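What follows is a set of structures for review.
One chain, chain A, appears in both complexes that follow, with chain B as partner in the first and chain C in the second.
Presenting the complex of A and B:
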């Protein structure tokens, strides 16, 4: 957990800076709005954490989010009675994509970077083919409530965080980290390495499904809804001090990374810096975070001065 | 050109002289006061048991490690190498057991790797291939050519490529580390011829081996290392095999070992192998009984590690009878109550970035065992000092790391526990603790199989000893066998078998 301290300091600093620029942030409604905005990315980061800590990547989650939203809109098409069956279907799709990613990576031994890059392209292509670029249909009120009502979003976020923490404390989580740290030693200790990794991909897929459900209500239906979310999620995880390559880092810190990233975007926004800069900022952050992971002390020194 | 160059009459130039070489790793002294010299056209053998310091000494000469003390002179000039490239430029070529060749490139590419001749900025392939062909010709090697792919060559041919590489850099000193380890019998003869050719070119050959027959066949002088010290250097013609073995192993059993199992302590069989084998092992008959520590001796490559990995299920037996179970994978082995303390604990035994607690619980978590022994008790039992659960294992000493590995397996209450070099890289105090613990486990009814390259340890700990050679059991020895007896069986070049 020691590695995670810098990210909490940075996050605290950013939150103070936001509050200074915009006092509304400190009111319950303002803070709730922030949480609602963070929730999808935080959930994706939690899912991505499981994959990264096991030593892999999941680049497919952004496209998967889009698929989830587009499929939901088309199948529900404004029909309230379809809400729950479709929600169930979305969860199944998420788990299934994760399962395929996991099986291809472990059984066919395709590096996950390639597997999930392929999945990302396949899913984007499928959405484009199916919608012709313009998604049809509409979400139901019952569906949109999850992303729109701050209370729901926060509740779901809480459940996700709690589940993630509990999973990481359970045998599954501990052996998953062991796999990411030293696959060979884990295998020779009887760990089912492939099974652990497949489950990690399924958790990531599930997190994309949940994030998609929230984003559908929050941001509406479009073929761009999930765009670049995979990179945001990975940036968040890395920002939380989780080491690419696996075996090190805490899930709460990964989630804090998502909060930090969103807080930074909010702050840039408040200071009138164009949203177009977001990508560049993200690029700088991910490189800086990985570099700082190599030299821990500078990261610690940097954090207070940021305030 | 064909004359053997052995015992050349003229007083030749000393090419390499190492004086007073010493080296420590992390405070552990691995070499001390080593002197070694070789003159032009000499084959100088360096012998010693595993862990005697041969490889470290050669790596110092190769510039891989820097000595803490001592002087290296090449051609009369004092040299120090900060990097292997500097050693290479000074004329030192090392041919490691594992060749440094790129399988997907041609012979010529490999020979000139990193120093390709160029013409107008482009690699001059013709020059490269011509030069390689000339060198192959000089070595009388016509079974392959400069354009053949390295991956298509036999091991012996690849060795020739390494030698050509050495010649192409005008090496004056060629170090060969166990060059015959991977060769078939008839290929050894070819190697001898090559070495004699190197001699006749005035190259000094340092020949590392534990196979004494080769040493007597080839060497002019022999230097014996033991436990990182220089036992002596003798003329090969003036020493007998027995005397050389004595120099290699003749040390006193100064270490303390716990008492052996009494007659009545040895119980029912825990594991029986009948004619078991796989790709690396053949015809293994072995019985492990409760309460007994069985030692496994053998040279590197004799199949020791393969044996424990096969019993454990990591590299399973494919034939033969194993009772009560022949595990087909690690999980089946663990389910059968078998544990393996691997040789390389950092690569295969531990998850270094995780806590002591996570490491100790790895096996029970992996197999989802219900019984959770209290970690605190376990750590006390393996005498971890201090018994802190939250320290990341990478910060522990070698001895403490090994105790954590032991704790991991003790959670299983194993019926059979396999140890591959249990005290390698472990300080003296922890060594004794691990030895005590092993005996304690045996007394508690666990059957123990232990591999050790350290003969005093093997002899001190084992209730009986099995010697492996070339993937087969070469013989059995009772408790308290002499080091000479073990070595004779392990290294027997036909004679003592």
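Presenting the complex of A and C:
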């Protein structure tokens, strides 16, 4: 948890800066609006954390979010009675994509980077084929309530965070970290490595389904809704001090990373800097965070002689 | 992994670099609403927060389009897709031949609801004519290079006439020029930089569209009111023209343009941007948009913030019209009518029969107002349907367009 302290300091600093630029942020409605906007990314980051801490990547979540929203709109088509069956189906789709990613990675021994990159291309291609580039149908009001009303989004976020923390405290969490830290050692000590990783991918798929439900609810149908979300989620996790390659990092810090990233975007926007710069900022963050993680150990060793 | 991340970051930086020539936006105005009355950041004091004029702005075209709005179109009033404003007819006797005909179509893309509605309408138009024996269409999927090879491929298929909806203006010009000597060419929607096509079909154009919306806001929003302008993306001539005309109108007005933002046409991004502006300025009095596809998302930002929806510029999509009616909004919908997809087929047949056609076929471009809202609102049509399809009397209506 020590690794995570910087991210909370950065987050606090950003929140103060936002409040200074926009006092509305301190009012309940203003802060609720911020939470509502963070919720999807925070949930995706939580899901991505499970995969990354086990030593893998999931690049398919962005496309999966798009698939969820487009499928929901097409199947619901404005019909309120379809809301709950479709919500259930979306969850199943998320778990299923995660299951396939996990099985291909563990059983076929395809590196997860390639597996999920492939899944990302397959899913976005499938959406394009199915929609011709422009989604059809409409979401029902009952579906949209989860993303439009801040209270729902915050409630879902709380449930996700709590579940994630509990999962990491349970045997499953310890197993996952052990797998990410040293796969061979974990395997030799009798850990079912493949099962742990498949479950991690399924959690990531589930998080994409939930994020899709929130994002679709927030702004309605769009074929671009999931664009670049996979990189935002990975950036958030890395920002939270979680080590790429697995074995180290805390889920709460990963979620704090998502808050920090979104706070940064909000601050940039408040100062009239937006658009393409967001990508550049993300790129710098992800390199800086990984570089800082790599530099830390030698720097510590050197420091006594230097001081 | 690290190498890939670096590559990703590099491409992101590249993207950021490409965007650095965006016109300065009003978003750099101070965050404190009280201080923004005297923007210190603008280089041209007269620009009222609208930034520099677009490099795509051509005064003569602007004047011509604004004048066309009040001109009466020639042709049957109940069939605006056959009408033309101020037509300069050209002789087509040299293209005359006996039917039945083989028509070909190189389509830029079918990747948005506007093009989907248009494409359906065009196919139904083809079905109306018994003298068309074959209709070959290739979809370029939004790629210039694919459309260039599509056009070459269609020339080898024995087409009697070639219809082209160019993906981009400059890049497709040589391909169109290359096709002109081989087959009568009809260009519609976006233009090309050559006058070799027999006819170029388009609604009045982007300047008229942009001005229609801006003038409405100037009329409805009290002097000093705050206007937010939302654009999809820079660099597309049709969209640049819409904004250029709006900028000219806003600069002459008493309105204060508090921001000009790019939404990428994304609903979530639009909603976030509008929410931020509401939070920052407390009150926005008008929203101008260069395309209506994300208008409903922008309206929802006001609803979710619990503030009244201000005067709005949308487009003729059903979701916006429905929102306008249900919310009793103050709104206007300039249009870029999808009925223009009928005209190229009609033009092709006229040319092949040796009948004269306008060199530049300017179709009427109506705007939907409070008075005409009920005429265009069609609750049985899909939410993303465009009202001005001119397709209501076609045999496949409404099923082919997804309606009930």
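Definition applied: the second predicted complex is superposed on the first by the 294 of 307 C-alpha atoms of A that agree within 3 Å, B and C clash if a C-alpha of one lies under 4 Å from a C-alpha of the other, contacts with A are read in each partner's own complex, and residues count from 1 in each chain.
Keep in mind that, in the parts below, contacts are C-beta pairs under 8 Å (C-beta built on N, C-alpha and C of every residue); 3 or more make two chains touch, one makes a residue touch a chain.
This structure is a prediction, so every number in the text was calculated from the model and none was measured.
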Considering only touches as defined above, state whether A:178 meets chain B (first), chain C (second), both or neither.
-> first
Please indicate which partner A:114 is in contact with in the superposed arrangement: first for chain B, second for chain C, both, or neither.
-> neither
Of chain B and chain C, which one touches more of chain A's residues?
-> C
With the two complexes superposed on chain A, say which partner A:186 touches: chain B (first), chain C (second), both, or neither.
-> first
Looking at the overlay, does A:92 come into contact with chain B only (first), chain C only (second), both, or neither?
-> neither
Answer with first, second, both or neither: which of chain B and chain C does A:26 touch in the superposed model?
-> neither
Sort out for me which residues of chain C touch chain A in the complex.
-> 1-2, 4-6, 8-10, 12-13, 15-16, 18-19, 22, 25, 27-29, 31, 109-113, 115-116, 142, 259, 261-262, 264-268, 270-273, 275-276, 279-280, 296-297, 300, 304-306, 319, 382-384, 402
Which chain A residues qualify as touching chain B in the complex?
-> 171, 174-175, 177-178, 181-182, 184-192, 247-248
What residues on chain A touch chain C, complex-wise?
-> 21-22, 24-25, 29-30, 33, 37, 57, 78, 113, 132-134, 136-138, 148, 215, 218-222, 224-225, 227, 231, 244-245, 266, 269-272, 274-277, 279-280, 282-284, 286-287, 290
Chain A-touching residues of chain B, taken from the complex the two chains share = 314, 330-331, 334, 340, 342, 347-354, 358, 361-363, 365-368, 408
